[in-house]
Amino acid sequence: MNERKEPTYLYSEKQVTEKSEVARRFLETRMRLNEHVDKADNFLVKRFYNLDHNTYLEGALPAKTKELMGLVASAVLRCDDCIQYHIVQSYRLGATRPEQEEAINVALVVGGSIVVPHLRRAYELLAELYR
Amino acid sequence: MNERKEPTYLYSEKQVTEKSEVARRFLETRMRLNEHVDKADNFLVKRFYNLDHNTYLEGALPAKTKELMGLVASAVLRCDDCIQYHIVQSYRLGATRPEQEEAINVALVVGGSIVVPHLRRAYELLAELYR
Amino acid sequence: MNERKEPTYLYSEKQVTEKSEVARRFLETRMRLNEHVDKADNFLVKRFYNLDHNTYLEGALPAKTKELMGLVASAVLRCDDCIQYHIVQSYRLGATRPEQEEAINVALVVGGSIVVPHLRRAYELLAELYR
Amino acid sequence: MNERKEPTYLYSEKQVTEKSEVARRFLETRMRLNEHVDKADNFLVKRFYNLDHNTYLEGALPAKTKELMGLVASAVLRCDDCIQYHIVQSYRLGATRPEQEEAINVALVVGGSIVVPHLRRAYELLAELYR
Amino acid sequence: MNERKEPTYLYSEKQVTEKSEVARRFLETRMRLNEHVDKADNFLVKRFYNLDHNTYLEGALPAKTKELMGLVASAVLRCDDCIQYHIVQSYRLGATRPEQEEAINVALVVGGSIVVPHLRRAYELLAELYR
Amino acid sequence: MNERKEPTYLYSEKQVTEKSEVARRFLETRMRLNEHVDKADNFLVKRFYNLDHNTYLEGALPAKTKELMGLVASAVLRCDDCIQYHIVQSYRLGATRPEQEEAINVALVVGGSIVVPHLRRAYELLAELYR
């Protein structure tokens, strides 16, 4: 088994929200809604969150690569919240803009034009983060 | 064939909208948009609505169970409107909060983390209904 | 190989936005977001857009029929932006309202009740375009 | 409301199975499995089948066009059985091979490379039908 | 938190395979392939399997109801292996045939005609189990 | 724009088919079916194939990483052919087994238990390739 460890972030969530209005709105809404989930204290949900967290740790693949993979998966499944989350995480781990765009291109070709509206919104976020 | 009959609701839609702002907004938007559908008077759409209605009647399975199944299906297919509708219907038929959470858990495990943003919004509605 | 050529539109995008507030908001947001995509000038995205454009040209099937097919595909994949786009394009190419409704009916029956919330929003746009 | 009526088929199912081995296997398996469904005599399933049948009748759009739309929907949702069914139906209603290919192209561009394995199998069937 | 506990099965997997050839083939293939997964001993996969197992235990909802919910989710997501698994589990927990059919009906109406090929195969399994 | 160039494969397709029976069957069927597509010589399909090819070239991200991303996308969209293709491509570009497993884990957590049957079949292929 490969060692798993927490990745080192180049930027904090706070720095991200200062750069990007889109990211700020997303992260604030996410935090507000997660309070309902935290308060409910559902055993299986907590275990799922924990499993999810473990999936993106440093391992055989760098955390940055796995966040970009999360971006690809989110884009083909067309989940804007998930796309924004993984773009922010990839950015915080040092992904360059061309790397983010190539990940989105894989999703575009695999997923087709139905991905385009999500790509447009993703590019708005990229424009704010990499200005 | 099992008998099918209308279920008995414990709460009216009006009582639901008085309890929950999220439900009120959802039901009002739904009613406003349904007016366009009603006015169009499309034969096949009306038949589909009728078939849909019949699917959730009391039968071999209680109406409450089928509404919770509708919730599971809606959550794995990631349709917020449908999730809100079936949470409201399940609530009106007496589903407890733990029952709603367990239905959502099935959807979370079957459908994966892509369900999480919808789960967050579902928990906001649950918090308002079961306060 | 069948000849492909640009279709002849009966209405301009401007005429559409004057008729329908829903279409106006959609087209303005789309244009605003597409500026981010244009500015990024990503080679593969541009090629995909070009391929997408070529798919809906006049060919063995009329452009109108292919836009209605785009509507069916968008509806079963449940992408509101895509649905609105193809309704507008079909309208501009002379599709009648019954033709649009029959296309949506195919999507409804193939895709199920999960399509209904998108059908409701589609009917709002149809009501504005075909008033 | 538009009149709906049964379409006129150019070829019988029997003629199709004599031309194509792929179609023959598909139609035989479908018939064999449908016997289980028929025997179960489930009220809602029968109503759904009836609704489905009505969706593809001649109407504002020709039956052939709607079968091709069913093909597009089936291809983006990646259901081989459904793809084969609608290719056969479109063929029986006189769709040309270029028309079938253009319908599949809409699905390919909307649905992306994930459609490609289904496109390959569809082309095998097209090759047998249009030899 | 609701207590979770192992459900009591009315029938063993062995009894199921003796009744149904479809179930036997499914369970044998599943076992054979799971050996590759077990041998790989991947930490996250094992945790996911464990989480999955916990989701269907007796809780606020009976295990049988949750297996039927798993069936609904599997059917709208159109996964034959998953459908077969949850039909077998529901059967082992005492679900009647009308209960299984009503669960599938919810999936049919939510998921549309694209569910029909999976429904046909499900009915073959039901016919063998409930003969 | 980043330079795009053909990647350097460590193993040929022939070497892969000699190692793995699963890969051999997949590649042979794919080749056989692609002959139908090649023969049809459809302009848009050829352009799509070309675009698809360009997506996975060396660029800002290594070709290996993009093939693993293709694997993630294929697994959450549950396309066995696509999964097998990208596992083979990743293998040919030097991906280790733990890298392949971590990519699949991202897909498992994002896509949920519905991915499990595909994961099982993927692990059979991994077992043959990395013996």
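The letters A, B, C, D, E and F name the chains in turn, as written, and every chain counts its residues from 1.
Keep this in mind: contacts are C-beta pairs under 8 Å (C-beta built on N, C-alpha and C of every residue); 3 or more make two chains touch, one makes a residue touch a chain.
If you're wondering where the values come from, they're calculated on a predicted model, not measured in any experiment.
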Completion exercise
Per the touch definition, the chains contacting both chain E and chain F are A, B, C, D
Completion exercise
Contacts shared by chain C with chain F include exactly A, B, D, E
Exercise for the section: Look at both sides of the chain B and chain C contact and report whether the same residue positions are involved, with over half shared, or different ones. Expected result: different
Handout entry: Chain pair with the higher count of C-beta pairs in contact (A-B, A-F)
Key = A-F
Handout entry: Inter-centroid spacing, chain D versus chain C (mean Cα positions, whole Å)
Key = 23
Completion exercise
Per the C-alpha centroid definition, the whole-Å distance linking chain B and chain D comes out as 32
Practice task
Let me have the rounded angstrom distance from the C-alpha centre of chain C over to the C-alpha centre of chain E, please.
Solution key: 39
Problem - Contacts with 2+ other chains: residues of chain A - result: 42, 44, 48, 51-52, 55, 73-74, 76-77, 82, 101, 105, 108-111, 113-114
Exercise for the section: Name the shape of the chain contact graph, picking from line, ring, star, complete and other. Expected result: complete
Completion exercise
As the complex stands, chain E meets chain C at residues 76, 108-115
Completion exercise
Contacts from chain A onto chain E in the complex sit at residues 1, 4, 41-44, 47-48, 51, 54-55
Completion exercise
In their shared complex, chain C is touched by residues of chain D numbered 2, 51-52, 55-56, 59-61, 65-66, 68-70, 72-74, 76-77, 82, 96, 98-99, 101-103, 105-107, 109-111
Practice task
Under the touch definition given earlier, write down the residues of chain F that touch chain D in their complex.
Solution key: 30, 33-34, 36-37, 39-40, 42, 44-45, 48, 52, 73-74, 77, 79, 81-82
Handout entry: Touch list for chain B against partner chain A, complex
Key = 78, 101, 105, 108-109, 113-114, 116-117, 119-121, 123-124, 126-127
